[in-house]
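Next come two complexes built around chain A: one with chain B, the other with chain C.
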Partner chain A sequence: MTDIIAEANQKALEIIQNAQPTLVGLGIAGDTLPGMRKDLILHAGPPVTWEKMSGPLRGAVMGGLIYEGLAQTPEEAAELAASGKISFDPCHHHDAVGPMAGVVTASMPVWIIENKAYGNRAYCTMNEGLGKVLRMGAFGESVIQHLRWMEQTLYPVLKEALEIHGEIDLRNLIAQALQMGDEVHNRNKATTSLFIREMAPSIIKTGASQEDKVAVLEFLNSNDHTALNLSMPAAKATLDPVGKVKHASVVYTMARNGTEFGIRVAATGDRWFTAPAEIIDGLYFPGFTMEDANPDIGDSCITETMGIGGFAMATAPAIVQFVGGTPQDAINYTKSMYEITLAEHPIYKMPSMNFRGTPTGIDIRSVIETQIRPVINTGIAHKDPGIGQVGAGVVRPPMACFEQALEAYVELLEADGLLE
Partner chain B sequence: MALNDLFTQELKVINMGLESFHDELKSQHVQTVQVAWKPRAGGSQKMLSLLNKLKKVSSSKEKAG
Partner chain C sequence: MTDIIAEANQKALEIIQNAQPTLVGLGIAGDTLPGMRKDLILHAGPPVTWEKMSGPLRGAVMGGLIYEGLAQTPEEAAELAASGKISFDPCHHHDAVGPMAGVVTASMPVWIIENKAYGNRAYCTMNEGLGKVLRMGAFGESVIQHLRWMEQTLYPVLKEALEIHGEIDLRNLIAQALQMGDEVHNRNKATTSLFIREMAPSIIKTGASQEDKVAVLEFLNSNDHTALNLSMPAAKATLDPVGKVKHASVVYTMARNGTEFGIRVAATGDRWFTAPAEIIDGLYFPGFTMEDANPDIGDSCITETMGIGGFAMATAPAIVQFVGGTPQDAINYTKSMYEITLAEHPIYKMPSMNFRGTPTGIDIRSVIETQIRPVINTGIAHKDPGIGQVGAGVVRPPMACFEQALEAYVELLEADGLLE
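Coming up: the complex of A and B.
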């Protein structure tokens, strides 16, 4: 005889373990994302107003408005954003996720991922590459030009190529990459390489010009993070059905908007539990220090929520050169995550852990009980709009998110008459 | 083993609690391991009381009944 919580958590766990996230196509956000429209801007993390947005999120919003042709200059964009004529909403409220600032506007192309086991879909923009990019809060002319190239060249070529190739099983791609030294959040070298290997022949078969095909292949190859924007929606598609499991104490969303960190728990559905986002301990690019850093930002910790990224760092020792620490630290991070999760993933396995599965199913009870918070590796954005990335490191969610969630969880079970 | 024998042989120490004991021994080249340990729920009475409430959850059979 099992208790209600154990039964619900088993159901949540099975949903994560049985998910089949699959890349099925590309579309334009305005035509594809539920509820998307021209005067709506999506962003990473829990809900936030323009007044409370951090520098990089403001920068990305301003860039997004210029890209959409709704403003001509950064000043005009800031004025429009503050005017109340533009609405803001989390990506998560529209079945989407976005790295760092996570800004999605109506004209942006998005990857379409379907969870074949449960029929739900998740979306994510295409990765822009490194350097001065919108997701890090940069909005200069080169950023906007690059977004236009992605919409007008990269998108149609990849859309046609994927139609030629057919669907791509992302669970399989992630499982392979985890055995090739990626933890599939901040190290995506293997994931991206495998993706290019799959797609290259189909890109060549498209009707695009030789020049465009070369440009697309060169861009994909130049950007190790190409596959991040596939693993994120794969994790989102995996976890979203967990949000409907009554009475489960499993976390199905972790996300940051640069001001606050928010989590959502299965039992309490759409409700966010938030607390101020923390500053990241990490390695800073030359010329930058912690003083320049914006607090934690981005939806990319959806990967950790599924049990990869920081949870799978043992399999990606090389990543410590990017986020700081030693290979032993990476192993310790993974080991400690087994303390707060329900089980191991049957398919996402790590050779360096003697092929143990990745720690899966974060249980808020265990986080509170052990005081071990989930470990997340992440990029660091400059605190001012328009600058971009300044480093990378390791961060954890504020404990207050889990404390609030536990309190609400107990209240809910009491209200349902399930506690003696 | 007599207590005095303890001080005449090589020590291997597992330390739990105050980390300064671990640090001191380490500085004297004694093999020591610090146990990563925290009180349950960090000792928070409020969180402990919530966790204890969850221990009294109904079984699925009771719910069905």
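Coming up: the complex of A and C.
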């Protein structure tokens, strides 16, 4: 029995370690994501109904409906969302991931990432930047206008530029950024900088107007989180093939919809194990407190699932200015993650940890045994729709997710005659 | 007495801490550097005659004469250099600094940096990139052609782009890069990335051809050392006002011409204290050994004089892949530099050192007392002209420089009646 689990986990680990997530193009969600349609709205985390959606997710859904022209006002949008005429599905059920609320609608542009080692693809919208943004639950006129600019200007310029440039190896990009103080979840300054300098010549070569080229480069330069929406689908593309490894106890999805936290484990395939999402311990923007915070939300902890983000905070000590704590805390977070993972990543290395690889392959058995939960750093959305980000901090999945997963895993092993 | 020295050193320290090195423009050396002319060649380090010049400096001088059209062949150039018809002067005597051989000729473009706090300016050529380059003593046809491309394409595009963009605060740029794994002497990847993303929109706005804009951005992207030639004059602009502080025991220049290492100290003004430069302990490129190495060369240790570079290696552990040693060595280098400096920099902070400021204000008294010499990381040039870089490593100034400086300092204090 032990051999079968060990072999399965070894296979899962190799899939993560050998992945080659590569940016291969851009497309429009409706034409690109499997099963995507105009009356379907994708969201972060495990499945959730409109009735149970948190404030920021509701806000983003309302904004998405307005952006799609399906509603004219927030009130109309809320009514439509509640009417049953709109379907909701997790991004993860359509090969996609989305930061925070993670709302994807049919007209939104998406990055297309292919895992060259296994042929699977993952998708993610383009990052909107800071301030009032849909992913944080804001839906005002400026939010919608900016989404339109992204669709009509940012998308075509970057799509053409990428075609001129050719594919970009995201594994290499992430590996470099981990040596430049990014943990590549909430600190993406180096990743974004490397991406911009690589793309700039090709942006110039596009047929876009000079004004549009300038606007695109100025927007990218204004938004250090540009690369988050590349690292997230890179992580998903890396992990999805793990979901097909029978008997492996490795987590291949962690995601939150703002109400519940959900995980998925290789052996139990598509099944979600969920529990109420927690409130985030962190640094709040002036004027806001924990009272204003929505529970943990977003698919972005797919980065932690791959072993970067909170797992790699040792290499990104500057992030504590954003999420709280000290550089020593950052090191301790990373060190403790080795306790619940199978191995170190051979390419994602951390100079400050003497070039040790990032902790890779979360084993649910180790989480239960050690009672150490994965560490996630994250933005914090206001609990009400329409407001936006109120801070950033550190959070963990509820232990109940792992307890349920282990129970199901044991049942499955028993059913397969692998437990005596 | 002690009070006068302490006050003088406090003043020197404040000058360094308050400096505001700012990129304000580009110009041609002959029109921009004080006292520059066609038959004058500037070089790194303290003064040196053609007869005593090391191989790489001779190579760069020969290349510089060919570039200026004053000689057609390396042989003709060597003959001219030896004829007495060409004058040689340190860059430092003309408000300039140059990496490695540091050769500046009248036609070369230079970055113009102004210290907004004190009004002084410093200049540096543009970085040539890697491979066969003049600064490493190479002078072949490709080297000269590349220098012409820099003069005719890179320079006008960046000059215009900077005029469109406006001044760039280099103190801020360096402070950010120190949080991104650069020590900003031999690791400039983040600094260069930040510079590119900031400049790209303005490059598009220039009147240059699309081909030239693309070529400029591709060259900048190919050369992580672009920003070295900004951090060096930023450091010089920061330190030069220290050279006028009477009775201060603070070093404001360290520089090497490939034959000798020289330092200058505030109290003793323009006077150089020199001793033979040392051979560098480091990592050699395949096919080369210490036998091939020229002694320590270049003005780039002006960065260490300001307290970054080797002094900030703790924040740039990835650099040990380039210069040798371990991340722990990098931390130890930084820690030991606090022993010989007056204070910590209030803006240049290192997250991995719990946001401690970089060691700032080298005190010659502390160097002698502790017998700890400043640590410098550096490229290594081949000892023969025409070859180029053979490795990179860590080196220190000869203690004799500090011994002579202290002796002169004590004499000066005595002469001024400040010693009993």
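Simple rule for what comes next: the second predicted complex is superposed on the first by the 418 of 420 C-alpha atoms of A that agree within 3 Å, B and C clash if a C-alpha of one lies under 4 Å from a C-alpha of the other, contacts with A are read in each partner's own complex, and residues count from 1 in each chain.
One rule holds in what follows: contacts are C-beta pairs under 8 Å (C-beta built on N, C-alpha and C of every residue); 3 or more make two chains touch, one makes a residue touch a chain.
As the structure is a prediction and not an experimental result, all values here were calculated from the model.
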Which of chain B and chain C A:7 touches, first, second, both or neither: first
Which superposed partner A:179 touches (first chain B, second chain C, both, neither): second
First, second, both or neither for A:408, with chain B first and chain C second: neither
Which of chain B and chain C A:355 touches, first, second, both or neither: second
Partner chain in contact with A:197 - chain B first, chain C second, else both or neither: second
First (chain B), second (chain C), both or neither touched by A:205: second
First, second, both or neither for A:365, with chain B first and chain C second: first
Chain B or chain C, by number of chain A residues touched: C
Set intersection of chain A contacts, chain C complex versus chain B complex: none
Residue ranges of chain B in contact with chain A within the complex: 36, 38, 40-42, 44, 47, 50-51, 53-54, 56-61, 63
In the complex, chain C residues that touch chain A: 176, 179-182, 189-190, 192-194, 196-198, 200-201, 203-205, 210, 213-214, 217-218, 220-221, 317-318, 320-321, 326-328, 351-355
Parts of chain A lying in touch with chain B, wherever the complex brings them together: 1-5, 7, 336, 365, 368-371, 403, 406-407, 409-410, 413-414, 417-420
